[in-house]
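Chain naming follows the written order as A, B, C and D, and within any one chain the residues start at number 1.
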Amino acid sequence: MSEKKRLDLEYSQLDSDRMRLNVGPQHPSTHGVLRLEVEIDGEIVTEVIPHLGYLHRSFEKHCEKMTYPQIIPYIDRMDYISAMNNEWPYVMALEKMLDIKVPEKVEYIRVIVAELNRIANHQIAVATFGLDAGAFTPFLFFFRDREYIIWILEKLSGARLLYNYFRVGGLAGDTYPSFKEECLNVIEKVRKTNAEVMDLLIYNRIFIQRTANVGILTPEVAVNYACSGPVLRGSGLRYDLRKDEPYSIYDRFDFEVPVGKGEVGFVGDCWDRNIVRMQEMEQSCRIIEQALAQMPETGDVKANVPKRIKPPKGEVYMRTENPKGDLGFYIVSNGTDKPERLKARGTSFVNLSVIPEISKGYMFADLILILGSIDIVLGEVDR
Amino acid sequence: MENTNFLWDLMGKNIWSVLLVISLPLMFVLVYALIAILAELKISAWIQERLGPMRTGPWGILQPVAEVVKLIQKEDITPDQSSKLLYNLAPFIIFTGAYAAFAVIPFSEAFVPSGIDVGLFYVFAIGSISAMGIVMGGWASNNKYSLMGAMRAVSQLISYEIPAAFAVLSVVVLASSMNMQEISKMQTGWFWNWFIFGGPGSISKIWVIPFTVGLTLIYFISSLAETNRVPFDIPEGESELVAGFHTEYSGMKFAMFFFAEYANMFVVAAILTTIFLGGWNSPFGDFMQGPWWGVFWFIAKSFSVVLVQIWIRWTLPRFRVDQLMYVGWKVLLPLSFVCFIAISLFVMLK
Amino acid sequence: MGLLNKLDDPYDGGGIILGKVEELLNWGRSKSDWYLHFGLACCAIEFMAMNASHFDFMRFGTIPRTSPRQADFIMVTGTVTFKMADRIKVLYEQMAEPKYVISVGSCSNCGGPYWEHGYHVLKGVDKIIPVDVYIPGCPPRPEAFEEGMMKLQEKISHQAIFNKRKRLGIE
Amino acid sequence: MLPNEIFEKLRSVYSDQIIELIENHPSDSFITVNASALFEICHSLRDEAFFMFDYLMSLTGMDLGENLGVVYHLYSMQLKHKIVIKAFVPKEQPKVPSVERIWRTADWHEREAYDLIGVNFEGHHNLIRILLPYDWEGYPLRKDYTAPEMYHGMKVS
């Protein structure tokens, strides 16, 4: 009797069905240095524990030690894929604090470069998502086109990736003569490649099978986790700061906010999040076209800004629509030329927190795709 | 058995001629693998609007040679926690499995290393050895990724062996022989005598053509799965399992996995060529027909199949493991079964 | 006489035969470099662009490997933090000899913009693993990657394999 | 709804827990509340029909010298209004009720605030360091923080 009981105990303790797998920090598809501690039962994921901080570069500490203009390069290095979009809320927050009205032309250039950068960001997002699904070729198609965008931004700012182009009350420099034609050229190329990738990847049967009905994120969960950007819109919520709280001059443009409609599966699956990005590229193209047409030919690219930027005592929370979602900066000023506290609400940081919720019960291969569909940048997650 | 090998006629049957016969396919595999690696690099580059390796020899054609020279020099690591005997044995077993299959492949009407009568049966039997090697390597590495990769690989190999076997079996029924040389000889003549078009025979074979074409496709898809190529490369899917079952292997042992993969690709392509695409026969009757031309046709056809495999790899995304099983068991298997029954009926009623 | 002298010449890589073999081996290693891409931060994105069609890193004969066992050199692209430092060390130790390291970008060269107040940033990856080639820039341009790669190939192709002691002057 | 309306509404329910409303254009207006009643206040901010703050934009920890502060930026998806809530706690005993059960997104934000500032969120299910290594000492974003000399045998600064 006692013998049997002991055996039973041993068998129950021998729960060897589940395996703990350590994905990352160096893994080909964690999009950087994320580490996921995954518990799998055969191929089924039963638990995901993300471990962050492998790229924690002390951003907020630096902000407290630097003067306001010196912080802009550090902000570039947060979400390094869409640096232009990152700088925007920060300079807007300071402009609000200092009560600066930026010239008309600056607003237009800002919109154009931000939307160009948004296209570049979505290209990387869809490309790496395809890479996670095992399709290597669309990755290179997108990178080929991204290069043309990079060239325009490089001609404007002098850098390929981390631009440091936005300044408080203006820009680092004016556009160059052939700017308009080159932008229109790029838009044409982007549209052509998008059509090609739609055939090659998005509507590929294998790809649909892999991504449809995988990682379904319901709107309630998405809002409770404060997701934003394509992750939230993929769940069918039409929430875009460019429409909801039009900052800068976004109220002047005619564009749509694409949302996930559950075309091939449930609303809010990986495929929906991905198609939202594809459609947003098209909308960005439309915005750029309108902005190019409306942009004043001449004008200042810098408002009257005091030499030493010293915002009055106070605090501002400013957010804009980053390609990944809403990026917010909470700046507390103490009246000197260095902020008292600067907190960045990393979009990816918040979007990533939904991973343990939506990846349970799917296969291990799906987990990789879910992670890819959220489109994180670890620089922004860890800061 | 007679007259399968020109070397027997030339040198008689002694130890030297046997060794020569054995080493000919080995030399072929090595040279072929180098070419295939280069083709893989260059074709992927071409599809992706790149150049591929350009700085090793003219247009980078010496790239595979450099890779071999490098791999020889690499340190050979045996992880401390691994099961050493199995770990070291696995690459050899896999390579042996791939290489042993060459024994029955008819390169020409005058050269097949061993023209045994159960050739097709032998190929399938020996092909299963590589599954053992994979699971040995994956388990002995003591790495979770390796283990998962090995499990996936084995389940995949076993599942896809069945539709492939049915495809081959149908041809065996049509040809009423398992000797690969015999099957090749049967398809002599114009290309409509190939088994993809129903094999030799009267006009009534038109009823069987849809099934044989279907079986060719089924065999090709299964062969992709058996060689772990995209879209069935889940055992070594880079984005999920770092490098699958060979994650822990380095240096020459890894090179053996590498060579075995390419050798396996050729083996399945050669079987496809032999049983469906007319083997070493010229597609145009007597035009360019003969023992030496046979080698040319055989290698050209097989290599084209390999090129298609490479082309597919750089175009398609990857399946998930359950979808792979779905395709294998619920689509390919019933289809191959239907084709097999149809062909058997046709042979019975003929 | 001349031939014999040449065979014994300590400054010619150990004579004709060994010299030629050495050349061949070095050629193989320098032309076929498989890399482990240790993508950490911004430079990793630039390296992805480097791999794409416009620049095509594979022209140099490099192939990306995801397992450190099969890699010849490790490309540390980005900021190395203390949390990450141990992992880099482990990965480097897992690689098979001969192995090389390319440090890409200011951050992994010396800490970059984070050198002063970065309480969690390792000031240079060379503090934990030996670095062969440094590529400067924040992030480096693709041209800089090319230059760095060629420098590494140059370094490999001039390495001594035989008679190391003699050539280094150690008797 | 404007901040002063929200303030009045809150005041009518939680009379003495709501301390003050500070409006100082162009800065954002914020409401300071007692840390002890934070959970209840946040709960009604999310659930009451006239608040509906279902979206926690950001949660910030601050070092204010004597005190530590926690700042909540709230937004309502339906009503499209926002508000800033602040609570202060003494540095010696930085205890703030966790709002993780109200907005799940607060989970990581609170862990971050704990990690960098050292605010102790009571009721959080897993309050451990998130960005820094688990064996790191001190809270780097406090004003009096000095980085350690060495970490695991590597020189820090």
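Going forward, a residue touches a chain if its C-beta (ideal position, glycine included) is under 8 Å from a C-beta of that chain, and two chains touch if they have at least 3 such contacts.
Quick caveat, the model's predicted, so the values are computed rather than measured.
Enquirer: When the mean CA coordinate of each chain is compared with the mean CA coordinate of the whole protein, which chain is closest?
Expert: Checking distances from each chain centre to the full centroid gives A.
Enquirer: Can you compute the centre-to-centre distance for chain B and chain C, using the mean CA position of each chain? Integer Å is fine.
Expert: From the centre of chain B to the centre of chain C is 37 Å.
Enquirer: Just how far, in Å, is the C-alpha centre of chain D from the one of chain A?
Expert: 24
Enquirer: Rounded to a whole Å, what is the gap between the Cα centroids of chain C and chain D?
Expert: Chain C and chain D have C-alpha centres separated by 47 Å.
Enquirer: What is the distance in Å between the mean C-alpha positions of chain A and chain C?
Expert: Distance between chain centres, rounded to whole Å: 32 Å.
Enquirer: Can you list the residues of chain B that touch 2 or more other chains?
Expert: 48-50, 238, 242
Enquirer: Give me the residue numbers in chain D that touch at least two other chains, ranges are fine.
Expert: Chain D, residues with two or more chain partners: 131-133, 140.
Enquirer: Mind pulling the chain C residues that touch 2 or more other chains?
Expert: 52-53, 66, 83, 116, 119-120
Enquirer: Is the chain-to-chain touch network here best called a line, a ring, a star, complete, or other?
Expert: Graph shape here is other: it fits none of the named patterns.
Enquirer: What are all the chain pairs that meet the touch criterion?
Expert: Going through each pair of chains, those in contact are A-B, A-C, A-D, B-C, C-D.
Enquirer: Which bits of chain C are touching chain D when the two form their complex?
Expert: Those residues of chain C that touch chain D are 82-83, 85-86, 116, 119-120, 122-123, 127-128.
Enquirer: Name, in rising order, each residue of chain B that touches chain C in their complex.
Expert: Result: residues 41, 45, 48-56, 60, 62-63, 65-70, 72-77, 238, 242-243, 246-251, 254 of chain B touch chain C.
Enquirer: Which residues of chain A touch chain D in the complex?
Expert: Interface residues on the chain A side: 52-53, 56, 58, 60-61, 64, 96-97, 99, 221, 223-226, 237, 239, 244-245, 314-317, 319, 326, 328, 330, 332, 341, 343, 345, 349-350, 353, 357, 382-383.
Enquirer: What part of chain A is in contact with chain B in the complex they form?
Expert: Against chain B, chain A makes touches at 19, 21-22, 27-29, 43, 130-137, 140-141, 144, 200-201, 204, 206-207, 209-210, 363-366, 368.
Enquirer: Any idea which chain C residues touch chain B in the complex?
Expert: Residue list for chain C touching chain B: 24-25, 27-29, 31-32, 52-53, 56, 58-61, 63, 65-67, 69-70, 72, 94, 96-98.
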